[in-house]
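Shared chain: subunit A. Partners: subunit B in the first complex, subunit C in the second.
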Partner chain A sequence: MDRTHRPWVIATAALAIISTAAYVLYAVNTPGGPRGGSAMGLTFGMAGYALMLYAGLLGARKQVPTWRIGRAQTWMRGHLWLGLLNLLLILLHSGFAFRGPLTLALMLLLFSVTGSGILGAAIQHYVPGFMTSRVPLETIYEEIPHVRVQLRDEADELAAAISQNALVEMEHDDRERFREVYLNKVRPYLEDPEAPDAELADPLRSEETFGALRRLLSPPVYGALDDLENICEEERQLSRQIRIYRWLHAWLLVHVPLSIALLVLGAIHAVMALRY
Partner chain B sequence: MPDAQGVRVSNVELTIDGLEVSVPEGTTVFDAARSNGVPIPTLCHQQNETPVGVCRVCVVDVGGRVLAASCVRLAEHKMVVSTNSAKVRRVRRTLVEMLMADHPSPCARQRQSNDCELETLAQLEGIREARFPRRISARGQDDSSLVIAVDHEACILCDRCIRGCDEIRQNDVLGRRGKGFTAGIAFDSDLPMGSSSCVSCGECMVSCPTGALTNRGVIKTVLPGEAVDVAELQQLSYFQKVSGTFLQLNRNAVVRRHYRQGEIVCREGEYGSTAFYITAGQAEVFLATPMAHVNSDSRSGGFLGRLSSRLLGRQQEHRAEEGRRDTIPIDAPVDLPYDRPVATLGPGDLFGEMTCMSLYPRSATVRAATDCVMFEMLRNVLDIIQRNKTLQAQLDASYRRRALDDHLRSVPIFATLSQDFVDLLRNRVELVRYTKGEVICSQGDIADSFYLVRLGFVKVSEPHPGGDLVLAYLGRGGYFGEIGLLGGGIRTATCTALDHVELVRIHAEEFHQMVQEFPAVRESLEALVRERQEQNRQRLETATSTPLDTFLTQGLMEAQSLLVMDLERCTRCDACVRACADAHDGVTRLIREGQRFDKYLVATSCRHCRDPLCMVGCPVGSIRRRNSLEVIIENWCIGCGLCAKNCPYGNINMHPFTVLENDPMNAGRAMASVKHKATSCDLCTELAEPSCVYACPHDAAHRVEPNEFFRWVGMPPAAPARRN
Partner chain C sequence: MAGRTRSTKKLAQRINLDYFKTLHGIPRWRRILSGIFVAVSLAWLGWYGVAGNPKPYNAGPLGHAHALLGQKCGVCHAGQAGYRRSATDEACLACHDGPIHHADQRFTPACSKCHVEHRGALRLASTGDRACTQCHADLTTVHGPSKFAPHIRGFDSHPEFAAVRPGATDPGTLQFNHQMHLRDEVRGPNGGVQLKCTDCHRLGSADGSFQEPINYQKDCASCHTLQFDRRISEPALHTNPGVVSDWMRGLLTAYIAAHPREIPLVDEPDERWPRRPPHPPARNAAEWVEQRMADAQLLLWRKSCQKCHRLSYPNGPDALPAVAKSAITTRWLPHAEFDHQVHQMVQCASCHTKANDSRETSDVLIPGVQTCQKCHRAGHDAAEAGCFECHIYHDWSKEKPVAGKFTINQLQ
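The block that comes next holds the complex of A and B.
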């Protein structure tokens, strides 16, 4: 959180204090305790639902990125802080009591949405830095399958160059040993780097394998072996990128559907409460 | 018995395999046997070549201490010859076995036509497995010729090709190289065949008994059109000097095409591999793509805030450093006028050379103005025609007569030359050709000429520790050599042919006469020299004051504005990329990949590379560097997409536009068609904030002034560790 968040923090805190103060006054002066259906309760409810709608509109805002309706960054700040304030307002609306199955469900959804949102914000705050430091060879996520095909082709060419004596004359047995290692360890790993039993997915095992090959083969092929080893390292980084990328975005699979459900059920709750 | 010249010669009587025969004195045993129906196998001997007796397969027993090679041994009176005794058969078999030990079986000829003479002989001798070990060191292949494939591995050193080239064709290109184990055939002074003075007559290929010299597979390409008889082709002046053997072997590589009036022969931007020679009728060559560049503006902005991409010509918007050329170079003997890019070609004109020779996209659209007949040919045929000295002289004369004038005047600094002087130059300039990779002049050489590029691309570079710094790529209309001539008389850069290059060479004497007689030309050239020297000095300063591995990044420092992403904030949601596409009619100009500086990523935008590969091959020369080193795409871009394909970083995009053009099927009516123009990221300069930055929800994307940014970051640029 940097200085650009400060105005939002101040505004949110101020609104929270004012709302809480109003609620305390209202709760103290209302016989029978606070109720959602009272004027103050309805005010909290409507304000809370309005903030929910605003928070929900971030998704729609992203669909029209070039519309000059405020910078996406501003919308995101609003989404975060007003979404948090929304939890307080709804709690004040409910008077901290969940009376029926629908309101209970709504409150559970609200907590889940807010919780997943906080978790998402935390993930998106810390994980990009992790990705940057752990995946220096990061590529565009959608390009990973193509990059992998290229890496595989490149590895095949290198292996062919080594095993066909294009780089240096090798003993037949050494050549066969190299071929065996390539076909049984390197190639299967490049074919399916996500396989759970892939030996070369472990950097230490990879180092051991290539170390053994270096001891087996003569120095003129070390350059090609280094390239092969680097290809495996790049594959490991791509696997890491996939995992981190999923972490970065998987929480949305929870957050977004729950948010939609919250908005729909919130609307049903509002209609039912006002009508009946 | 009188011989052919009427000189009386005596006969000799001899016995061959029990058969008594009489032959004129001086006849070889081989000829004596053959003329009397006794076959003797041979590999190195052909009836139309001087016998040399190198393969020894034709050995016969003449009763001497050793067996004799029948092709060189003269028949003697009372000689008793045995061609098929057990001893002869054993020796012959051993010889064939030894030759087969070195022979890659089946060789190319055996695979193509199943008639490799050595392998046929081996089959007759029943040789399945060679008893002798193969050679260890490889002799290699030479694929440099477009016409003939050379496989030195299959060469048996019979010298038939050498005698074919020297004795029969008298081209004197082929000879021997090396000795003993390393011996082989060589072209000129052991040059690759494609770079040698070989005229591809095909004689060596038809002389070769094995697959060492074979016809390349170009003839597998089937051109649509009417097949042409070789004799008929040779009636045409253009094909007259081409070897009939070659034309026969490549009869599918030239076809006759008939075009009706209005029919399109080829379209600009299309990829092709053929050239056309007009024999009857007239063709119109023109550019169908609008003469305009892509302008992105935000006038349609407001609430929606989108950029609108429009095509604007010179009149509507003049950009800084936009080319002021009056003509557009195309792949034909004429240039097109900028204001009305249309020209007419007629009988005797050849077009499509660059497409054919270097596989560049077509540079213009050609339409039959009247009913036309053309010969369409593949590059093996064009190559052989261009190698023919007589024909080359004809083409050069035609160029001097018709195009040199326009070509010289298309270069703005020569626009003031008088007609008298152009006439003088017409006969004095030299038209020179270079093959791919050939060095035209090297830094430090004596400057003896000025060059004007007529065809192809020339790379101008300066050698520096760690690699060459490319100063420019020059296409048709480009010129070089003036700095050396006007400066200290020494070349300041190295110029290399990137593909098939044809140049107009103006010798120092004429060049100095030109600059003396025309002060305006001198002033323009001197201004240009100062400008280029200053640019080179700046580049050199940068190159020597900056570590070379980081030099590539200096393009970023020279930029006006960079799109930088903070990777510790960026959630890789790609909202920036979607925004870019949304802002530019669905065509993204941003790729979220690029160089990293610590936690910052400089996203895709032109990097002004040291080696601007995007500029190589533009068929109309519409992409070039501004003096500030940035790329500018001129109005006459035909949208072929080669620059976008060549850019390794994806920084050039093809933007589609719908334009109206004449409907060839319905005269007077217009039809809509989609044309493309190349564009690169403009950082949304028309908007207060680029769309990618505006759409980033995480405050990760920033537009920064490079120097300020790097000072603020306070670190030397460094790329992440990549594989070698």
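The block that comes next holds the complex of A and C.
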């Protein structure tokens, strides 16, 4: 958390203190105790739901990045801090009691959304640095399948150049030996880099394999072999990127769907609670 | 190692510019799961909605008294004009009356302000103190200041009970010495006894909450018999002197009619009687009855009755006495309820600390508020200290009957 968060922290803390003080006064002075349907309870509820909507709009903001409605960073900070404040406001709205089926479901959703959000914020804070150091050849996640096809094509071209003596005249046996290694180890790995038994997924085994090929072949093909080895290394990094990407984004599988369900059920709760 | 070049151009050529048009992996699943979660949520509500069951919107379980209505929201949340279906006072009053607290109270809160429903199996009468202190913390009436303590914010600021405030005395006229009756050896009809509080003070009301008023026949007669003549085994009636006198005369007349030979006999002086000159031998039955009546009245009016009652002779010393009303207080806390039954685990003298030493009728022996506050105070390790424990808001003496409007089927 850098200094740019400070205004948000101060504003959130101030609003939390003011809300809590107002709640205590209201709770102490209300016959029958605090209720969501009282004027103060409804105020907390409406403020909380407004913050939920605001937090939900971050998703819309991301869907349409060209909207000129403030910087994405500002939206994200608001999402984080006002999302936390929202939990407090909804607890104050409920009077710390949720006995009905829908209100209980809503509180469970809210706790899950807030909890997954806090977890996600922590992951998003620490993991990107790890990604930078471990995946220098990082690409756009959605492009990975497309890049892999290109890497395969590139590898096929290199292998063809070596096999067809385009680079240097090779003995028949050496050429066959290279073809065998390429077709049995390199190509299957490039075809399915996530296969659990992929030998070249291990950097040491990869180094051994390409070292053996260098000993077998003459120096003029070393450049092409280096490129092939480099393609395998890039594949390994893409695999690592996929794994890290999953750590980075898997929490969203909980956070986003539950948030949307919370918004929908929250709206229904508001409509029905005002009726009864 | 690398002969491959990663120029910007080469890298740019790798990019499929339409990649964002199709979702893969986590973003795709995020969208699918969002749809599933919303669909499941709506299906859950829709299922109950189609069945006409409003259970999901139930704000919580009902109190014991209304538990039957858990699935019948419309009984309380009755139809009103417009969209709202909140539980109104009219819905409450359709089943039970809620009489006003005081005629001159400044406002009457809605039923649901004090009796908060949907909070589980709570007693709905267990209202929060704020329901009372919203008026009693700064009490005024429509006619101005109240005669009651005006600033009560809770049991810890409850004023001392009026009955035990300085200067307050027991208004009773019956002379009773608790100390003498509670000493170790009291002479009883069959020898010495040790009296207990509960020998005279018995739980009387059906629910055991109030003490039965002290009664001569039940509580006093076994020791304090009203024997008025040694020839007649029946004690005198415990009622007003005129009736007692007529009743004794009847018994004596009947006795001498059955024993005419005793007319001239002169009684040996009875040490129980106050001193009096001896009677001459009676000449006839009427004179005999008059002599014995004079003795009996001397014994009763001047000794036995006076042991407890205050007698006066407004019509002269020889006329029948007037007995002051005993004025035994039956409720010391007229604005509160105290249930002796639920406090029976406590020794009587632990609260009524002055009882064992009290010698005067005027001593007020009920405990002060501080005794109650020893147990009833704030905190989790204390007995409940809410106003509702002792006070009842509704003046049930003004309760009006309610004409039922539901059938059993409508409530189930």
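By our rule, the second predicted complex is superposed on the first by the 250 of 276 C-alpha atoms of A that agree within 3 Å, B and C clash if a C-alpha of one lies under 4 Å from a C-alpha of the other, contacts with A are read in each partner's own complex, and residues count from 1 in each chain.
Keep this in mind: a contact is a pair of C-beta atoms (placed from the backbone, for glycine too) under 8 Å apart; a residue touches a chain by one contact, two chains touch by 3 or more.
Computed from a prediction, not measured in an experiment: that's the story for all the values here.
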Q. In the superposed arrangement, which partner chain does A:G223 touch: subunit B (first), subunit C (second), both, or neither?
A. both
Q.
After the superposition on A, what does A:I260 contact: first (subunit B), second (subunit C), both or neither?
A. second
Q. Where does A:N29 make contact in the superposed view: on subunit B (first), on subunit C (second), on both, or on neither?
A. second
Q: Determine, for the superposed model, which of the two partners subunit B and subunit C contacts more residues of subunit A.
A: C
Q. Which holds for A:P128: it touches subunit B only (first), subunit C only (second), both, or neither?
A. first
Q.
For A:T139 in the superposed arrangement: first (subunit B), second (subunit C), both or neither?
A. both
Q) Which partner does A:R6 contact after superposing on A: first (subunit B), second (subunit C), both, neither? A) neither
Q) Which of the two partners, first being subunit B and second being subunit C, lies in contact with A:W67: first, second, both, or neither? A) first
Q: Considering only touches as defined above, state whether A:I231 meets subunit B (first), subunit C (second), both or neither.
A: both
Q) What residues on subunit A does subunit C touch that subunit B touches too? A) 137, 139-141, 223, 226-227, 230-231, 245, 249
**Q.** Sites on subunit B touched by subunit A in the complex
**A.** 301-307, 567-573, 575, 578-579, 582-583, 591-593, 596, 599, 689, 691, 694-700, 720-724
Q: Enumerate the contact residues on subunit A facing subunit B in the complex.
A: 2, 4, 58, 62, 64-69, 71-73, 75-76, 124, 127-129, 131-132, 136-137, 139-141, 223, 226-227, 230-231, 234, 245, 248-249
Q: Within their complex, state which residues of subunit A touch subunit C.
A: 28-33, 35, 37, 97, 99-103, 105, 137, 139-143, 145-147, 150, 154, 223-224, 226-227, 229-231, 245-246, 249-250, 252-253, 256-258, 260-261, 264-265, 268-269, 272-276
Q) Considering the complex alone, what residue numbers of subunit C touch subunit A? A) 1-4, 6, 14-16, 19-20, 22, 24-27, 29-30, 33-34, 36-38, 40-42, 45, 55-61, 73, 77, 83-87, 109, 112-116, 118-120, 127-128, 130-131, 134
